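Look at the two complexes coming up: chain A is in both, with chain B in one and chain C in the other.
Then we have the complex of A and B:
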């Protein structure tokens, strides 16, 4: 009897301790949980719910079912898919132009060339400058009487009497490139810094061993450094793609919210939310944007896993 | 000691929070940020009110235009409105009135009826009840650089449409650009297009389309749009305008690059203040005299103050708001930011000559059609602006414009 009682008391005490541990864990997790629910989950759920309603941002809501989504898929109503295509083009240029450039710079600087610190700072500088300032700067560059057209006149591409090229809005898509060029330029330094950290984390012994085996600088980079920084490359690709899908600030400064030439999902979202007061449509754009970002993040992770 | 400190911090935090909710005068939100031309009129009016009512403290906050639209809507949604708030007339305020969030000013208005003409409250009257305090009002004016006109033989702004076209042809032949219009900001295009439509189809017909549900399927509107596009094709507009914002275009006009600039009369103060700038403001001439006439203008009172239904002591707040609105209007007029919606019962000799000439145009007018994007509900205004941008970019003609708006709006 004593034995059974003792066993039962011991079990009770373990149960009690487990319960206490559970409460402690819960209490420690609570602040993070509250923040997660309050800042991420609740707005997300609210966006999903609003996307099925006609809603002005206040007052009563009218149930619409999938109508807001159908409008997004109807090109004649809302140029949402054009904006997604624009974001994909930007993502493509980010991955195939911006990242290789950043990687090249990171590898070059990682070799410990002269003026490494200075060049690192110079390349990172655009990231530190406010996007508003960068936008204003490039507006001057692409202004009808700005730097680009002046250069074209100097080299003779534009002759006297020729009209200025309207880089900031001719209805033919030039505005899209005028917005993308500064976006790609601004974030080269950001990715370069990430990759530079990766290059520097490669143990010097590995480099030295390869060198002793007769590898050239390029071969060291190709077969030793780049494979060691796969995780950083993955992060950079995810940032570049999701960042392109979410792009907004520079386009907002260089174009307008109602731009069609350079529209991206976020400009459509803000146009419908702030100017047109159609929160339902804006919420539907937000939901699709989140799904697209998740999809590509998972896809890129899977692609890198496959290679591993 | 630790427990004592923790207690002390908790007490301070609780006291701090309770102070946030303390009843401390009236609250007001507006869009007169530090860079806004109306900022001074708000500051001067509030200073006068604080002197007159030292016991009533007004805590006011100015928020940038686009952010403000979201903020006020969120406040209406969350029943967290300030006591007094800035709003645009017609559809914008109308939505809040529909939700029963705005205090009716009928009772308070009785004490101000002799200073605020009934017709100035038209755009903020819903179901026969007044809900808004109009501030300054503006119209679209045809600003002309007289020095440039002189170069092609004109001493004054052409008075008829035929003369205006002849003048534009002479300007183009002389290598001058007649008009500047900011294509990057569609509202600037509407300043031209709406004036041309109004002077082609008449003010009543345009007002009916904007405000009273008349169809866009109107061949006269299509013809007016074609006239506008013909002017663009004939080289009357700066080709660079399509990629310029209003600040650039205005600066070009002030620098003598264009002969004419159609825009709001809120620019009068700035133009009049520029030394040596020989500028005059006029009404856009009549295009079809069988339907339109001089004295039909685009504009009217839109900037408005309103009182939340949830305001503290709402009736007295309403009276306070009317008095404040009257003062903002006074200082705005004296600063050249617009015309007075309220009766002028003070010395206005210091008002610049340009603003005074606008006042004369308004005094002679008999019909004002509010700016289309203000008159229409936000979703319809968005579709309208989309088509206006296409007209300026040459993507649709008059027939395409009316067909698209007929399908999209009504």
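Then we have the complex of A and C:
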């Protein structure tokens, strides 16, 4: 072959070529590098640095050491710990309720029934719809006179004369659930799509072979399909957990940033950044959020590796 | 039933799926589909009703009577509550520019990483891939401080650059995946013909990357079309808001009439659904490509 795409060049021209290549490589990487360093790398470092200062966005910064972090973990000052707990609850429901549901639906869909593609498309639709719309829609669903209470009346759970249930803020944590349910609802289709692709990537011969050996559909799913979907399942679990930790949009629409009942780390971040202008505290929240995301991504990957 | 005593293949018992199983499976899937679609249908229905129907007389379905008796004026009212057309335009400009910038940067970078051999190309790729795990929250504060210092708040560029940076890692992943599949012999033939690196990129590689461009574009579109956190922070003037930020703003001002709100929701959702109906296969494939490789 011709080595690196050019042949029988003298030593000098190879040197020249190399230098030229260096410039070419640099120029081709430049736009991506500028974006990466300018928006990801430098701000990341800057967030870490800012988290140790008191900074109001103007004027000078005051060194605080770990004070911002201490404040975050002091319950009397900032409800950060509660927000992390909320995010963990969401992550738990996502992994143990949303993903099994998605997996079940994907397996059923992957067995090959009439209208398979249509059902897949319909179930994926909510993923694409703007969270603002989803949030507004579910605000109406959970409205005291909205869909849920109306249905409860039809079913007979709420009787004539019973008061409507205040789903959106009775001070007893119903609001958190009112926010979680649409989140879980919206993304079932997303995980289902990924898992469906995993189900479909199992060679049909494998399925047939198992069936010739007398396996039932259920056994085929359990012993042939699921084991071959490990990679996809790993991705789904990572997305579900980090997605829950990062959740923001829907809560922003359905509650206010300062609603403690439905706080998640991102609402605290945005509250301290945009409403209070305490950039140091907000940066500390951002740093902890990044660490949590990385930690869980690595942990989940390791857990899946262990089972090999 | 037959037993498996005989080794004659024809008599082997292949477990056929029973018919009732298929029926049950279909019913389960249809029920889930209804759970997905009903809230959207309910939204469409209440966009055509007045409060009396929505809350008291006809809470679950489409308004009674002929379509001509439905309250279409809700839509007119929705359009009058704010510059929804402008929101659309802003979203289109910002998303379009982001797609172009992201795709270009990703194509060029993946050319330098996959087609030119140099020490550190692997490491470079891995560094870029870190971008997938970095949450958007990580950079919002510093970027906001810079953007406001440069007085770029309310300008499209304030969203285009961050959106491109956050879409970059996934775009790069998709592009390098496609590019490594193009045979190296093509480049070599072009070098023999006397082409330089850039000429090879533009005349040989790029034309072959069309499917990657489509996947990247769709993925990038979906990532920024609905983005809310940056949009709300960087676009404070009503006239410069994107669709999600603008809609959130409009709903913030309390309206007690549900009909127009429903109409606004339908208006905001309709283009997405149309886009999805047209490209559903492609959209699904780009999501899968993004996740499987990630």
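To be clear about the criterion, the second predicted complex is superposed on the first by the 267 of 308 C-alpha atoms of A that agree within 3 Å, B and C clash if a C-alpha of one lies under 4 Å from a C-alpha of the other, contacts with A are read in each partner's own complex, and residues count from 1 in each chain.
As a working rule, a contact is a pair of C-beta atoms (placed from the backbone, for glycine too) under 8 Å apart; a residue touches a chain by one contact, two chains touch by 3 or more.
Fair warning: this is a prediction, and the values are worked out from it, not measured in the lab.
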| item | value |
| --- | --- |
| When chain B and chain C are modelled together on chain A, clash or fit | clash |
| Chain B versus chain C as contact partner of A:204, first or second or both or neither | neither |
| Which superposed partner A:271 touches (first chain B, second chain C, both, neither) | first |
| First (chain B), second (chain C), both or neither touched by A:57 | both |
| First (chain B), second (chain C), both or neither touched by A:289 | second |
| Larger contact residue set on chain A - chain B or chain C | C |
| Touching partner for A:124 - first (chain B), second (chain C), both, neither | second |
| Partner chain in contact with A:145 - chain B first, chain C second, else both or neither | both |
| Superposition clash, chain B versus chain C, among 21-29, 75-83 or 273-281 | 75-83 |
| Where chain A meets both chain C and chain B, residue numbers | 57, 145, 273-274 |
| Chain A residues touching chain B - in the complex, by the definition given at the top | 56-60, 143-145, 163-164, 166-171, 175, 255-256, 258, 271-278 |
| Chain A-facing residues of chain C, complex | 4, 12-15, 17, 21-22, 25-26, 28-30, 32-33, 35-37, 39-40, 42-43, 46, 55, 59-60, 101, 104-106, 108-109, 111-113, 116-118, 124, 127-128, 130-131, 133-145, 148, 161-162, 164-166, 168, 172, 184, 187-188, 191-192, 197-198, 201, 222, 225-226, 228-229, 232-233, 243-244, 247-248, 251, 258, 261-262, 265, 268-269, 272-273, 275-276, 280, 283-284, 287-288, 291-292, 294 |
| Parts of chain A lying in touch with chain C, wherever the complex brings them together | 1-2, 4-7, 20-22, 24-25, 28-33, 35-36, 38-40, 42-44, 46-47, 50, 57, 105, 108-109, 111, 113-115, 119-133, 136-138, 140-141, 145, 147, 150, 185, 188-190, 193-194, 197, 208, 211-212, 214-217, 231-232, 235-236, 239, 242, 246, 248-249, 252-253, 265-266, 269-270, 273-274, 279, 282-283, 286, 289-290, 293-294, 297 |
| Sites on chain B touched by chain A in the complex | 66, 69-70, 73-74, 76-77, 95-96, 98-99, 101, 183-186, 239-240, 242-244, 248, 377-379, 381-382, 385-386, 389, 393-395 |
